[in-house]
Structure formats: structure tokens, C-alpha cells
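Both of the next two complexes hold chain A, though its partner changes from chain B to chain C.
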Partner chain A sequence: MTPQPPRGLRDYVAILYPAFMLGVFFVVPFAIMIAVSFFRRNELTFYEPAFVLSNYARLFTTFFGKSFVFSILLSALVGVLVVIVAFPFTYLLTRLRRRTQVFYLVFILSVLSLSEVIIGFTWSTLLSATAGISNLLVFMGLLDQPQAWTPSLTALVVGLSYLGFPYTVLVLYPALSRLDPELPEASRMLGASPLRTFFLVVIPVMRSSIISALIMVFVFNLGAYVLPQVLGRPEHWTLSVLITDQAIFQSNMPFAAAMAIVLMVLSLMLVAVTLVLGQERSSQR
Partner chain B sequence: MSTLRLEDIGKSFGNFAAVSEVNLEFPHGKFICLLGPSGCGKTTLLRLIAGLEQPTTGQIKLDGKDLTAVPAHQREFGMVFQSLALFPHLTVGENISYGLRIRGTEKPGCRQRAQELLELVRLPGVIDRQISQLSGGQRQRVAIARALALNPKLFLLDEPLSALDAKLREAMQVELRQLQQRLGISTIVVTHDQREAMTMADIVVIMDHGKVQQVGSPLETYRNPANAFIADFIGITNLLGAVWHPPSTVTVGDITVRIANPPANIPNGAPVKLSVRPEDVHVRPAGEVGVNRLPGTVTFIRDLGSSVEITVECFGQRLLAVTTPRERLNTRVGAPVSVELPENSIVVLKS
Partner chain C sequence: MTRTWSNLFMALMMIILAAPLVVIAGVSLNAEKQLLFPPEGLSLQWYGELLSQPDWRNAIANSLIIAVISAALAVSIAFPLAYFLWRYRVRYGPILYGLGVAPFMLPPVITALGFLIFWANSGLYGSIVTTIISHAIFFTTLPLVTISLGLQAIDRQIIEASTIMGADERTVFRTVVIPLVRPYLVSGYAFAFVLSLNEYIVSYMVSGLTIETLPIKIFNSLRYGYTPVMASVAVFFVLVGFVVYGLIARFGDLPRLLGAWAAREP
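Showing the complex of A and B:
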């Protein structure tokens, strides 16, 4: 059956509804944001209509530039770390018995119900000197005295990875559970150990799923603004934190809008480059 | 030489015994078919031999060496999977030489061996193609080539032809058999298709409910089935209820029938099943005198052109007779006839 072009009012109503929702909740706000990013700041009314490029020009200062590069690198690092941990985990999960799989998945889903704020403060307690894991290590005789591991870059990476892990498992799970179990078995019959099979067959066959999981965690982390403030030092504040700071505390809406747009455009470009690279490699083969 | 011995092999999944009490010895260079209905444990048995499953009981030995604890990747067996399991991210050549690459063979050597194998399976010129560019029959050949690349001691195939259409399947059966004979490699094929087993096998192992029911040449299992299940599973047969009277007669209804090959260890008066192949049942005119004649009524005639099938009801039991159009008795549905069961074509089975 070939799809037919829509005919008559009834066919178009089905398209109108999603188009309307997309317009009201995405296109219009986004257009407002673009417009505001060119406005001039005004102490009394927040901003006044104008067409100035100074908001964008300010992004090219060292402070914001550094923060920008840091945000991208942090998100990429966490993305890679989470996928490295979550992919073998999900692969082993799909090899388990059905009932055991459901148990694990329910547990992972329940972690998703925790808010980012709760997760942030829980980790900051766990890594603190007063009530954290280091006290346990002192008790076991592995450390001389309790240490504070937060705020630090490590604490921030740990927190973000914890947050991204369940989402990554849920993205990888359907693809990995559809993987034909005979593929790794065929590799084993040809003399490859389970570990070599994992690297030579499972990972290459699942490459596109791995890339989409990477992109998802990366984009997800770019938007994080609670954890950097709770677990990181001020120099670890991501661009999202600065956007929130400008928009809410500095009341500089035009500059916040300009930062948000640049962040979004550049991250979309990075995602596009990743996708193109991924496709080129697969069409070569 | 590689003689495979299975000693008291059993495999349970929880409370379910998939395979139990399997004792078999496969001589070198033979083509063996594991045959049985779905769920009979034949695939599990093949996976146990491959090392993809661990047996719950028993031992697997190759030339006297215990293989039971050897993992699949160290057994040096070749296997063709039901889904073929060709690696989608590799080309045809890379698929075939995968095992060689694992063993550290350099690229030129791999390519040369892949070429050789593609010629062996009569599929030259596709070495640089993607798997997705091949047809079902071509994938089949690539999977066979890949399994043979390392000169395996044992060649295992799990329902390898099930994905092909009927015509191609028959052609591949013949080709697989010829390939096996040319290479002289010990081969074990799992199949549920008894025609496939008859075409290819030296030895047929018939399984049901996780147990081996009979081992023998295809013709032996056809002519001398060990029980009613096999008689019914291998080809088409008539199973007639009767009563056994030693030394060499049975009674069907009130007619006494002579048996040329009397069974052992069945007590007098025990109910038995008579297995008679349709091609051995002869339909004669009613009232014709002779031995082993049962009176009956024709209930159905199917004229297929090349053969004629006549269904006759005798003492409330249905009997199928297959004959050629030339030998066909001129009869019609509802007419009385006399059915002859030649004494040397009857196999008496425990009921």
C-alpha cells in the first residue's frame, strides 16, 4: 500500500492538531527567544525592542568562552563514561532470565522518579567529610581521617553519570534485547572468546544504538544546571548555570537568550557531525 | 579420524528435561541427521555437542578425549545457525575469514582462503559484497563457507535450510550432501523434515521427548521402525490395531493375518499396532481368494495423475493404499473390496 496524499478537511485535521501544538509550545516561544536575544537590556522593563549584536559579542569574552568549552567537554566526558558503563551492563542484563530482567528494569525506572535536586544533595552528603563514604573507609581502616570529596569535578562527573545511567540503559535495552543471540554464538564457534566476541561483534553491530545513546546523554548533560551548583566549584559551572544566573538573578534576558541560542545551535551541529561521521563509516563497509 | 561419543548425556532446564539418557557414537566422516518433531530436544543436543550449552549429566568425547568442560570457542567445530547469524557489519569475505583473523592470519591469507571457500560453495565473485546485498540462497552458502573456513573437526548445522523455499531447499540438500562427501567431514544436521534426512543422511537419529527413539540408516528406519511414533513420523504409514498370537500371526477383527518378521517379547493376546506402508497395501476385487485379505469398503479415491490413493475402511479402521494408475482397480466410493497386506511388509509394533 502506498501512502496517499491527504485529501479534504478531515485528512488535514489530523495534521493540524500536532502542528498547532508544536506551534504554540515550540515555534512561538523559540521565535520570542530569538527576538529577545537581539533586544537591548533595560533596568526597568527587563528589555526593550531593538536590534543589537552586543549580546552575542559578549559571548566572545574569555570567561564565557571557557565556560562554553567546559560545558561541551564535561557533557561529552560524562556521555562516554555513562555509555562505557551502561552498555556492558545492558548487554549482560538482556542475557538474563526474563523475570530477573523485569526486576532490574523496575528498579532502574524507580531511580528515574528521583528529582535532580534530591540526587544532587544525596551525592553531596555521600561525598562529604561529615557523613559521607569516607567515614566508612576510616572505620574500615583504609583512610586516616574523613575527607570531603565535594565540591569537585569528580563529584560533578559522578553525579551527572548517576543521573544519565538509567536513561542510557532504557535507550540501549530495546536494541540489545533484539540482538540475535546466535550472532555472538557464531563468533564463539569461530574461536573468539566471549570478551573478543563482545568487542568484535556485539559493539560493531550495536554501533548506531551506541551513537544515539551517546548523543542523548550529551544533550541531556548540556541542560544540567542543578548538579554543577551542588557538586561543583564555581569554575565548574556550566553554561546552563550561567544562563539561569543571567535570566533569573541578573535579570539580563537578552544575554541569557543569546547564550541559550548559541549553546543550542552549536550542540545541534556537534550532534549532526556525530551522525554524519557514524553514517559515513557504515556506508563505507 | 574423529569419532564423537556421547555418554549418558542429559540436559534439564529447571524441571524440564530437554534431553535425557542419550548414548550415541558417531563414526568418522558420516553424515548424521538428528530428526524429530519440534520440541523433541534435537537442537538442544546439537548445542550440547557445540559447547553452547553445558550438559546436566554425562560426557562428550572426541577420539576418547573428554570435551565436556571445553568451551565452545576452543572446540574447533564449525556451525551453521538456523538464522545463519552472518555478521551484518562485515563483508562476505570478512565473514568467511573471521575465524582466521581471530587466529592471527594476515589479510592476504584470509582473502585467499575466502576465495577458495567461495569457489567450494560455488559462489565466486561476491567476496566484497555486503551481507544485505545477498539473496537467501547466497547467504546460506556464505554461512556454510564460514563454518568450513577453519577445517573443523565436526560440521554442525541447525535447521540450515528452513529459511529457503521448497525448490531451493531440495537443491541445497543434494549439494550439501555432495559437499560433505567431497570433504569427507563428519557432519551433524538438525532437521524436522524427514525427506531432508532421507536425502542427505548416512545415519538418522530419531528423537522424541528428549530421548533417542531409533538410530539407523534412513531406509532401515523406514522399513523397520522401532515403534509406532517412528513409523508415523518417517513417511506415511497405516497403523492398524490388532491382537498378537505367537509364533507368527495376528488377528484384525476376525481375520487371521500372517507375519513374516515376528517381533520378540510380546505376550500372547497383547494388543499391537501393524505398520504397513501405503505403497505395500494392495486393493483387490471383493471376494478374491488369497492370504492376508481383509474385507473393506472404499471411502475415498484421490486420483493425482501420477498415483492413485484409495482409502478403504476395514473393521472400523482406515487404510490408505497408493497405487499407480496402471494397476488401479476399477472401483468406486462405497464399493466392497478386498485389501491384501503382504506378509513381509507388515511391521508389528507394541501398542
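Showing the complex of A and C:
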């Protein structure tokens, strides 16, 4: 039985309900949000219908422009760091016996599901002066006195990397587990060391997967909302924090919507790049 | 030699991943109301407090209600969608699939803001129903992906055979399709359930000021200082994840669910 085009109304029954739900509760909210981003702010009813571009223009002011650039640089930095560590990790993971793999995967999934709130809380505890790593270093004689390492940019980068690592492993996992084992084997048989094989065979073959993973974790980190507030200082607030701040505390919906739209367009463009890369990959087969 | 290095590297990564969880579990056992590690004096009183204080109990109840219902709703949206896309060939198929995957792929704050503006207009802002429906849409992606994987794994010849034997579409669906995709339905539900339990930004934006879920409650309490109660909640979250994913791994094919080929495709 090959899939056929639906014939008659009865065949469409299955799709009515999901299309309705996604249409009403996903497409409509997005359409309203796009409209609101052009509206004018109004103290009384939050916003009034208009067509102004000032919400978008405000993004180019120094303050918002700066945090826009900061968000992008921070996500890019964390993305690169995480992929550098997660790629060899995932490669080694896929070479393990199935049973061991499953154990690792359960653990990684559990960490991945942890709320950002929990991760922020645990890392700020771990980097604190009372219950943290610095106590361990004092105990080992490497430090004179326990120190608080949070809030700081380093703490934020550490927290975001912890958040992004399991995600990146799972993004890389399908491609790496489908890597033909004969490929590295052939390279080994021809006399290359495992390290050489990894750098000269595995990485080049996986190039497009690595770029996709970089983009995915970049977009994922752009969404971080709690960590910049818990582990970073106010100057480290990212776009996600500012959007929420504008929407909830400043009651400036049109501006929040405009920022969200810009963030979305940026993310969509990047996701589109990964889709194109994915297609290239499958057409090579 | 290289093998030793790889094993060391894997072990180191696992330690780094586990370290915060170990510290938090230790902190939750402190006898005093302080976050000390290693804990001073052992006591389980903070777990007791979690279950006895009305505001924490209320947050637990809210989170569980939202997760249980929204995950079911997410599956109810994803299953017919996945089935339709698998059963029929339509040109707009990729668009429908993309629509189901998009809420989860974009930075969550975008979807959250869309929900906020929508619910504020509809007048339902601040009700638990709002959070449930928003989570259902937000997490539809997970069952959609797992169920689609499950359907793709069905050998179409089985369907053909049962049709030749005289089964009509409804019988095929009931006796062939459902039993074969059941594990994928369950794991899709489980993923949506666990992630809904942990979700912060969407619940906060759509009704965070009236409906306090566990993550919201923790984040609100962070401002008034850290207590071991929060650590005990964190332990609870870790355990839920472990148990649920452990069960999926025990009764399902976890590597395949995560995108590895179980058997080589023909």
C-alpha cells in the first residue's frame, strides 16, 4: 500500500482536528503577534491598531542593539564550545555497546529535561561560596578561602553550556549513529591512528551535521531565559529576557512583539540553512 | 592507550553532568535551613516540608494536572496528524508537519509571547486551561516526531495483506496500526509529560501570576533566598526524568526513538 492522495471528504476527517487546534492556537497567535508588532503603544489598553515601524526602529538604539549583539555573540560562543565537546562525546557514545548506550541516553535525557530554573539554581549553588566547588579547592589546598563565582559572565557561559550539552548530543546522535562503521575501520586498516581517523575521516564526513548542530544549539541558547537572570548580571540579559521584561513588566506589547519577530526571523533563516544542509546530505546518498 | 583516554573523557563528562545533581541532592539533606555541601547533619525534613506546606503542595498539584492533561492533548493532536501524513500523500504535507514541529524549534519565548497576546485578547488569560492548551500546542512536536517514526517503521505489506484478507480501513487501523504504534504513542506522551513538568517560560507568560507551577514557584522563591526545600524539588525533578526515561528504555527502543537505525534500512 503506497500513500495516495485523499479522496472524498471522509479521508480528511483525521486532519480536521489537528489542523483546527494548530490553526487556532498557533497560527492565529502568531498572526496577532505580527500585527501587534506594528501597533502603537497605548497606556490604557496596551496597544491600539496602527501601522508604525517605530517598534522595529527602537531595536537599533544603542541599548537594545547592544544586547542584541551580545545575545548573538554569547549564543555563538556557547554553541562552539558545546559542539567541540559534544561531538567527540557523541561519536564515542555511538561506538559503545547498545546496553551501555541506553544507560547514557537515559541519563542525558534526564539532564536535558531539567527545567532551566533547576539548572540555574543548581549551578548558582555549585558556584556559591557555601556549597560550591571553591570549598573543594580549599579542602585540596588550592584556594585559601571559598569564593563566590556567580553572578558573572563565566558562570553564565558554564550554565548555558550545561544546558546546551545534552541537547547537542541528541542532535548529533542520529547522524553519528548512522555513520558506517566500515569507514573508520578502513581508515584504521590503512594505518591511520584513531585520532587521525577522527580528525581526517569522521569530522569531514560529518561536516554538514556539525554545522546543523551548531545552528540548532545556537537557536536553542537564544531561548535561554532564566540563566542570564540567575547566573549573569543585568548587563548580561539576553534578548529573551528583554522580550519578557517588555511584555510583562513594562507592558509594552508592540515592542516585545517586534523583538520576538526579529528573533524569529533570525532563527527561521538559520533553521532553513540546516534543512538545506540536511537535503544535501540525503541527496549525497 | 587511546581507548583509556576515550573512557576517561566519557567518565569526566558524566561527572560534570552529574556534579550539580549530586551537590543538590546533598544540600537537600541539610539539617539546618542552609545550603551547605557536604550537608551538616542529615534530615529528610525538607522533603516533608515540600509535601506539607500548602503553597508547595499547590504548585505540585498544578504542575501535575497541567502535565497529565496537556501531554494527552498533545498526543491527541499529534496522532491524527501523523497518521494522515503517513496514510495519504498530500502536497502540503511538509507544511503541516512543519507547523507541528515549529512551536518547539523556535526559541520558546517567541511562542510564549504569541500565546500571551492571544490569551490576553481571548479573556482566558490567567486560567489553568490556558496553560494546559498552550503546553499541549507547544509540546505537540514530541509525540508528532515519535509517532511518525513509529508509523514509518510499519511494513506496508502488512497493511496490504490485511486489506486483501478483507479488513476495511477501520479494522486495519484498530488491529494493525494501533498495536504497532502504541509504544511510540506512550513515549511521545512521556516526553511531553516530563517536559511540561519542567517548562517555565510558557507557563509564566500565559498565567504565571495566578497559576503557580513548580518551576515558577522555585524561580519566585529564588528571590527570597535559597532554601533546602528547593533542592528537594530539584531532586524530585531529576528522579521523575530518570524513572520515565528508564521505563521508556526498558519497554521501548530508546536509540531508535532518538533517531538511530535499529536495523539497517533496506
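One rule holds in what follows: the second predicted complex is superposed on the first by the 244 of 285 C-alpha atoms of A that agree within 3 Å, B and C clash if a C-alpha of one lies under 4 Å from a C-alpha of the other, contacts with A are read in each partner's own complex, and residues count from 1 in each chain.
Just so it is clear, a residue touches a chain if its C-beta (ideal position, glycine included) is under 8 Å from a C-beta of that chain, and two chains touch if they have at least 3 such contacts.
Computed from a prediction, not measured in an experiment: that's the story for all the values here.
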Output check: A:G191 vs chain B and chain C. Expected answer is one of first, second, both, neither. What do you get?
first
If we overlay the two complexes on their shared chain A, which of chain B and chain C does A:L109 touch? Say first, second, both or neither.
second
I'd like to know which partner A:V201 touches here: chain B for first, chain C for second, both or neither.
first
Between chain B and chain C, point out the one touching more chain A residues.
C
With both complexes overlaid on chain A, does A:Q4 touch chain B (first), chain C (second), both or neither?
second
Quick check on the superposed pair: does A:E48 touch chain B, chain C, both, or neither? Answer first, second, both or neither.
neither
First (chain B), second (chain C), both or neither: which does A:Y225 touch?
second
Using the superposition on A, tell me which residues of chain A are in contact with chain B and, in the other complex, with chain C.
193-194
Partner chain A, residues of chain B touching it in the complex
50, 52, 71-74, 76-79, 81-83, 85-91, 98-99, 102-103, 130, 146-147, 149-150
Listed in rising order, the residues of chain A that touch chain B in the complex are 180, 182-183, 185-194, 196-197, 200-201, 204-205, 207, 282, 285
Contact residues on chain C for chain A in the complex?
2, 6, 9-10, 13-14, 16-21, 23-24, 26-27, 34-37, 76-78, 80-81, 83-84, 86-90, 96, 99-100, 102-103, 105-118, 120-121, 133-134, 136-137, 140, 156, 159-160, 163, 194-195, 198-201, 204-205, 214-216, 218-219, 222, 226, 230-231, 233-234, 237-238, 241-242, 245-246, 249, 254-255, 258-261
Considering only the defined contacts, which chain A positions touch chain C in the complex?
1-6, 11, 14-15, 17-19, 21-22, 25-30, 32-33, 36, 46, 85, 88-89, 92-94, 98, 101-102, 104-111, 113-126, 128, 130-132, 135, 162, 165-166, 170, 173-174, 177-178, 193-195, 219-220, 222-223, 225-226, 230, 239-240, 243-244, 247-248, 253, 256-257, 260, 263-264, 267-268, 271
